[in-house]
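First chain A sits with chain B, and in the next complex the same chain sits with chain C.
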Partner chain A sequence: MSETWMIAGAWIAAGLTIFLFSFLYKDNPFFKIAEHLYLGAGMGWWFQVYVYNILGPKVWTPLVVNHDWMVLIPAVLGISLVTQFIPKISWISRYGFTFLMGYGSGLAIPASLSTDFINQIGGTIKPLSMMASMTPFAIFNSLLIAFGVVCVLFYFFFSVEHKGHVKTVSNIGIYFLMIYFGAAFGNTVMARFSLLYGRFDDLYTFSDKHYFYASQLIMLAMVVYFLVHNFMGKDKKEVTEDEAAG
Partner chain B sequence: MLKEKLQKFFKLDRRWIFLLLAIVLFAPIIKPIGLPNKTISRDVQNAYTYMDTLAPGSFVLFSLDYDPSTRPELQPQAIAMIRHAFQKNLRVGVVTYIAGATGLIQQAFEKVPKEYNKVYGKDYVIFPYMANAVAVLTQMSSDFYGIYDKDQDGTDARTLPVMQGIKNYKNMALVVNITGTSMLDIWVAYVGDKYKVPVIGGVTAISQPGYGPYLQTGQLKGLIGGMKGAAEYESLIKQPGKGTSGIDSLNLAHLLVLALILTSNIILLIIKYL
Partner chain C sequence: MNVMTKNKLGFALVLLFAAANTFAAKPGPAAKKATADPLLPVAGLTVIDMPYDVGGTALLKWDVRPSDTPDVTYQVYVSSLETGGWIKAEEFPADTRTGKDIDLPFWAWDTSIKEHAVKVELNNYYGEAQSTGSPFHFKVTAVKGKNTAESEVVSVVTLSNWFRLDRMNNLVLLLILIIAFFWAVSHAKRKGLFIRRIAGLDAIDEAIGRATEMGKPIYYMTGIGSMSQISTIASAFILGEVSKKVAQYDSQIKVPHYDPIVMTVCKEVVKQSYMEAGRPDSYRDDINFFVSQDQFSYAASVDGMISREKPAACFFMGYFMAESLLLAEVGATSGAIQIAGTDVEHQLPFFFTACDYTLMGEELYAAGAYLSKEPMLMSALKVQDLGKLIVMVSVLFGIIFVGVGAWRHWDPFVQVILNMFKAY
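What follows is the complex of A and B.
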C-alpha cells in the first residue's frame, strides 16, 4: 500500500474514532456522520464479500467456467429463500428452509449431545473415580464442581416445587451462578478496557509526525467545534429567554 | 453538613469519570511504567507446553477468526502463537471463517515470518476466507483439498511444500483457534471431539469463563484469554508485544475501578450510618 494511502487511512481511522468517542461528551453531527458511515460502509463491505468470496467462487465460476451443473441444486435452494419477500410465491422458500433445518439439525444435534452433554457429564464424574491418585486440593475441587453442577441443575428443575430441602439446594445453586456471573462480568470489564486501550494505542500511533499529527489535529478541531457550539448555543438561549420575557 | 457534601459525590458528572479513565489508559501508552505481569495462568502454560513439545516440521492449523472489533485482544495472541510456532520450526497453515480477519492475517504475516526467515509456501501458507464454517470443517475431515484446492494467491495448494503429507485432520498435530466468535465451540464439537484432533483456543476475556468446562474435560488442551492471556504467552516465549505493553494500562484502569467502587461504597455507608 502506498504511503499516501497509509496516511489517508490513518486520518480516517483517527477521525472516525474521535468522532465516535465525542458522543461521551455530548451528541453532535460528527458522531452522527461516523455512525451512518459505519452502517453504510459495513453494508457495502459485506455486499462485496458475498459477491467476491461466495457468489463468484462458489456459484459463478463452477457454473459458467467449469460447467459443474450440480451447483445449480444448492444455488436454487439458496435463491428460494429470497422468495420470502414476494408473498405470492413465498411458499417456495420452504424448500430452502427445509433443507437448512434438516442439514443443520443433522450436523448439530449429535455434535452438541456428545460435546456439551455426554462429555461434560463424564468430565464431572470421572475425577470422582480417580481420587486415590489425586491431591487433597484436586479432590476438593472435583467435589466442589460436582456439588455445584447438582445445585445449579436443581435451580433449573421446575417440575418440583422449590420448598424445603429442594429450595435450600436450589438457593446454593444461585450462589454458584452468581460467582460465575461475577467472574464473567469482571472479565467483561477487562475486555472492554482492552478494546479501549487498542483504540488509544492506534490514536497514539497516528499522533506521530509521520501521519502529520492526525490525532492531535482532529482532537483540536473537535474541541474548537464544541467551544464554538457552546458559545453560540448560549447566545441563542439568551435570545430565547429575552424573547420569552418580552 | 458532611453528609450533604458527600451526597454531591453521587451527583458527579459521569463525564469526569470517562476523562479519568481515558487519562489512566492513555498515560502508560505515552510513558510505559513497566508494571510486572508475574502470574502465568495454568491454561496459558498448558497451551504453551503443548505447542512447545511438538516435533519440528509438525503441521499446525491456525484458524484466525476475529475482526477489527476484537483486534486489541486477539491479534497479540495470534502473533505470539505464530512466533512460537516459527521458533519451534513448525509448519503453519492459516484459515479463516470471518471475512474481516483477512486484513489482520495479512498484517500479522507481513511482519512475523521475516523475523524467523520463513518462506511463504515452504514454511507457511494462508488460505482464503470461506463461508459456512460447519460445512467446511466437516468436508476437511475427509479431504482438505476438497475445500482448499488453492491458497489465497490462487496457487494449487497440493503443490506447496508446506502442505506435503497433509490430506486431512489426521495429518495435523494441532489446531489453534483464535476467535472473538463462537468458532471455538464449532472446532471443539466438529473437529476436536469427533476426529480427536488437539485444539487450543484463544478467546476474548468475555468468553473465557465459558470455556472452563472444555478445559476440565481435556477437550481443549489450553486456553488464552484476552489481552492478559496474550501478555502471559508473550512472556513465555520471551518476546514482549502489544499484550505486554497493554498490561500497564489494564492494571491502572482496574485500580481506578476498584478505587471508585470502594470510595462510593464507603461514602454510602457514611451517609447511611453516621
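What follows is the complex of A and C.
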C-alpha cells in the first residue's frame, strides 16, 4: 500500500513541477491547475497552522483548560480586527489596529535605533581600535569601509541637491552600492540554482522505471497537448480570419 | 681577535650575573607572596544581582590579591540549597576576570582591575523559572596545586531590572531625534522643507498615463510585509498618491494582497484617495483583494493574473523576499512599465534587472513624503537625514579618535569612544 502511495506521490510531485515549469513556454491550463492547487493548499496549510499552533495552544487551552482569563485581552483585540467586515461595528477594529501599530512601533523604534545607528557607527570604527597590531592592509580595509559608509549615506541624503562635490561623493556611494548588489545577486542566484537542481534531481528520480517513468510520460503528454492545441488554434485562427475577410 | 672574543664573553658573563642579582634582589610581589605565603581563602566576597538585566544572573566580587598568579585557580560554586548541593559554575586563573571584563559601558559600571568580577548565569543550571526570584548561595575556592582554600558563603536573590542604564546612549539619541522631529514638524508647517528630486518617482505619472491610454489596469503590490514594517507603511503612503492619480485619470488599479491587515489599511487609503480626487463613484471595494498568505502561492497567483491581464504598469513597493524576481520577471515579460521600491537590500538587484525604475531603501521612505508633501512625512524624512548626518560625523570623528587612541595606546580613551557607540 505504501509503495502505491509513493508512486502516486511521485506522479503528483513530477506533474506539479512540470506544470509549473510549463509557464516558461506560455500560460496554459496545466499551469492554471498547479497555480490554483498551490493557492488552495497554501491557504489550507496556513489555516491548520493557525488553528493548531495559535488558536489551540495559545487561546483555547489557556482559557478553557487553565482558566487564564488574561488571555481574553489579546483574544478580544484580535477578534476586534474581524469586525471590519460588519460596517455597523467596524469602528471596534480601530482598537485592535491601534494596539498593533503601537506595539509594532514600540518594538521597532528602539531596535532600529540600536541597529541602524549605534551599531552601524560602532561596527565601522571598532576595527581601528586594534590599530597598533593591524597590518597596513587591514588599516586600509577599515578606512575603505568607513569611506564607503559615508559615501553611501551621502547618496541617501535628501536635504541637499546633489550637485558639485556632493554629487561626486554620492556617485562614489553608488559604486559601493553596485559592488554590494552584484555580490548579493550572485549569492542569491547561486541559492536559486540549488533549488532548481533540487527539482531536476526529483524529476530525474521520478523518471526511473520504479516510478513508471513519471517525468517522461507527463512531459510527453504535455508536448502532445501543446502540439494539438497549437494546430487546432491555428485552424481556428484561420477560420476567424476567413470570416473576417468574407 | 681571540683576546677581543674573550673580553666580550667576560663582559656578557658580568652582565648576566648583575641581571641575575638584580632579579634575585627584587622579586615580583606576586612571586614572592606565592612562594612565601600559604594559600589564603578569598576574603570580602560579595554577591549582588547583576544590574540592568532581565534577571537570573548574579555578580560576584572580591579584591584582587598580590597572590593572584596564573598558577592559582579560582572555582566559583553555586547552590540553591542552604547546605550542600554545590555546582561548579566557573573556573579561571586567578590573574584573570576583573571588572574590565564585564561587558557594561563606563557610565554604568566601574571598570576597575582591582576587583575580581564574575557573572554567573543561573539559567544554565536551574532553568529560567527558578533562577529569578529565588535565593542562591555562592562560595569561591582558591586552588593551588593540591592546596585549596574556601571562602565564606554569600547569598543573593536575582531580579529583573526595570531600567537599562547601560542603554543610556540609545535613549539620549532617541531624545535628540524626537526633539529634532518636533522642531522639523513646526518648521515644515511654517516654511516648508526641501527634498531633492527622486528620479524613479517622476515615472509614476508616465506609468499611469500609459495605463490610461492603453485602457489596461495598473497592478500595485505592497509586498509580503506586515503593517508594522516601515517599508509597508511607506508603500501604503505611495499607494495613496498613486490611486489618487489613477482616480483623476479614471484609470484602473488592482492591489493583490498577502496580508489581510495590510489589505484593510490599504482599502481605507485607496478609498480616501478616490474621495480626495473627487471620484468616490469610481471607487470599488474589490480594488484591494486578498490572494494568499503563503509566499509562493501568492507569487504564483499574481504571476498568473499579470500574464493573463497584461497590465500597463506594475508597482512593487514594500517588503519583498524571494518572490521579487518571480513577480518582476513576469511583469517585464508581459511588457508592463515597472517601478519597484524596497528596503530589502538583497532583493534590490532583482528589481534592477527586471524593472524600469527602482527606489532603493531609504528612497522608498522618502517617496511618500516627496509625493504627498505632507508636513509630518517631510519632517520624518528630515529627521532621518539628521540621523544620517549623525552617523557620518560620528564615523568621521570616531575613526580619527579611535585610530589615534589605539596608536598611542590610550586604552581607556578608546574604550570610552567604543562604549558610546555600543548597541545592545
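Criterion: the second predicted complex is superposed on the first by the 228 of 246 C-alpha atoms of A that agree within 3 Å, B and C clash if a C-alpha of one lies under 4 Å from a C-alpha of the other, contacts with A are read in each partner's own complex, and residues count from 1 in each chain.
Just so it is clear, a residue touches a chain if its C-beta (ideal position, glycine included) is under 8 Å from a C-beta of that chain, and two chains touch if they have at least 3 such contacts.
This structure is a prediction, so every number in the text was calculated from the model and none was measured.
In the superposed pair of complexes, A:Gln120 makes contact with chain B and with chain C alike. Contact with chain C, but none with chain B, is seen for A:Val160 once the two complexes are overlaid on the shared chain. More chain A residues lie in contact with C than with the other chain of the pair chain B and chain C.
Looking at the shared chain after the overlay, A:Ala184 reaches both chain B and chain C. Judged by the touch definition given at the top, the superposed model places A:Phe19 against neither chain B nor chain C. Of the two partner chains placed by superposition, chain B and chain C are both touched by A:Leu107.
By the touch criterion stated above, A:Phe176 is placed in contact with neither chain B nor chain C. When the shared chain is aligned, no partner comes close enough to touch A:Phe206: not chain B, not chain C. Applying the stated contact rule after C-alpha superposition, one finds that A:Met130 touches chain C and leaves chain B untouched. When both complexes are aligned on chain A by C-alpha atoms, chain A residues 46, 104, 107-108, 112, 114-116, 119-120, 122, 126, 180, 184, 187-188 touch chain B in the first and chain C in the second. Residues of chain C that touch chain A in their complex: 167, 169-170, 173-174, 177, 193-196, 198, 226-230, 261, 264-265, 291-294, 296-298, 300-301, 303-304, 307-308, 322, 345-346, 348-350, 352-353, 360-363, 366, 381-382, 384-385, 387-392, 394-396, 398-399, 402-403, 405-407, 409, 414, 417-418, 421-424.
Interface of chain B with chain A (complex): residues 15, 18, 21-22, 25-26, 29-30, 69-73, 99, 128-131, 134, 138, 185, 188-190, 193-194, 204-206, 208-210, 213, 216-219, 225-228, 242, 245-246, 249-250, 253-254, 257.
Within the complex, the chain A residues that touch chain B are 24-25, 46, 49, 53-54, 58, 104, 107-108, 111-112, 114-116, 119-120, 122-123, 126, 145, 180, 183-184, 187-191, 193-201, 204.
Considering their complex, residues 20, 23, 27, 31-32, 34-35, 38-39, 41-43, 45-46, 81, 84, 93, 97, 100-101, 103-105, 107-110, 112-122, 124-126, 128-132, 142-143, 146, 149-150, 153-154, 156-162, 177, 180-182, 184-185, 187-188, 192 of chain A touch chain C.
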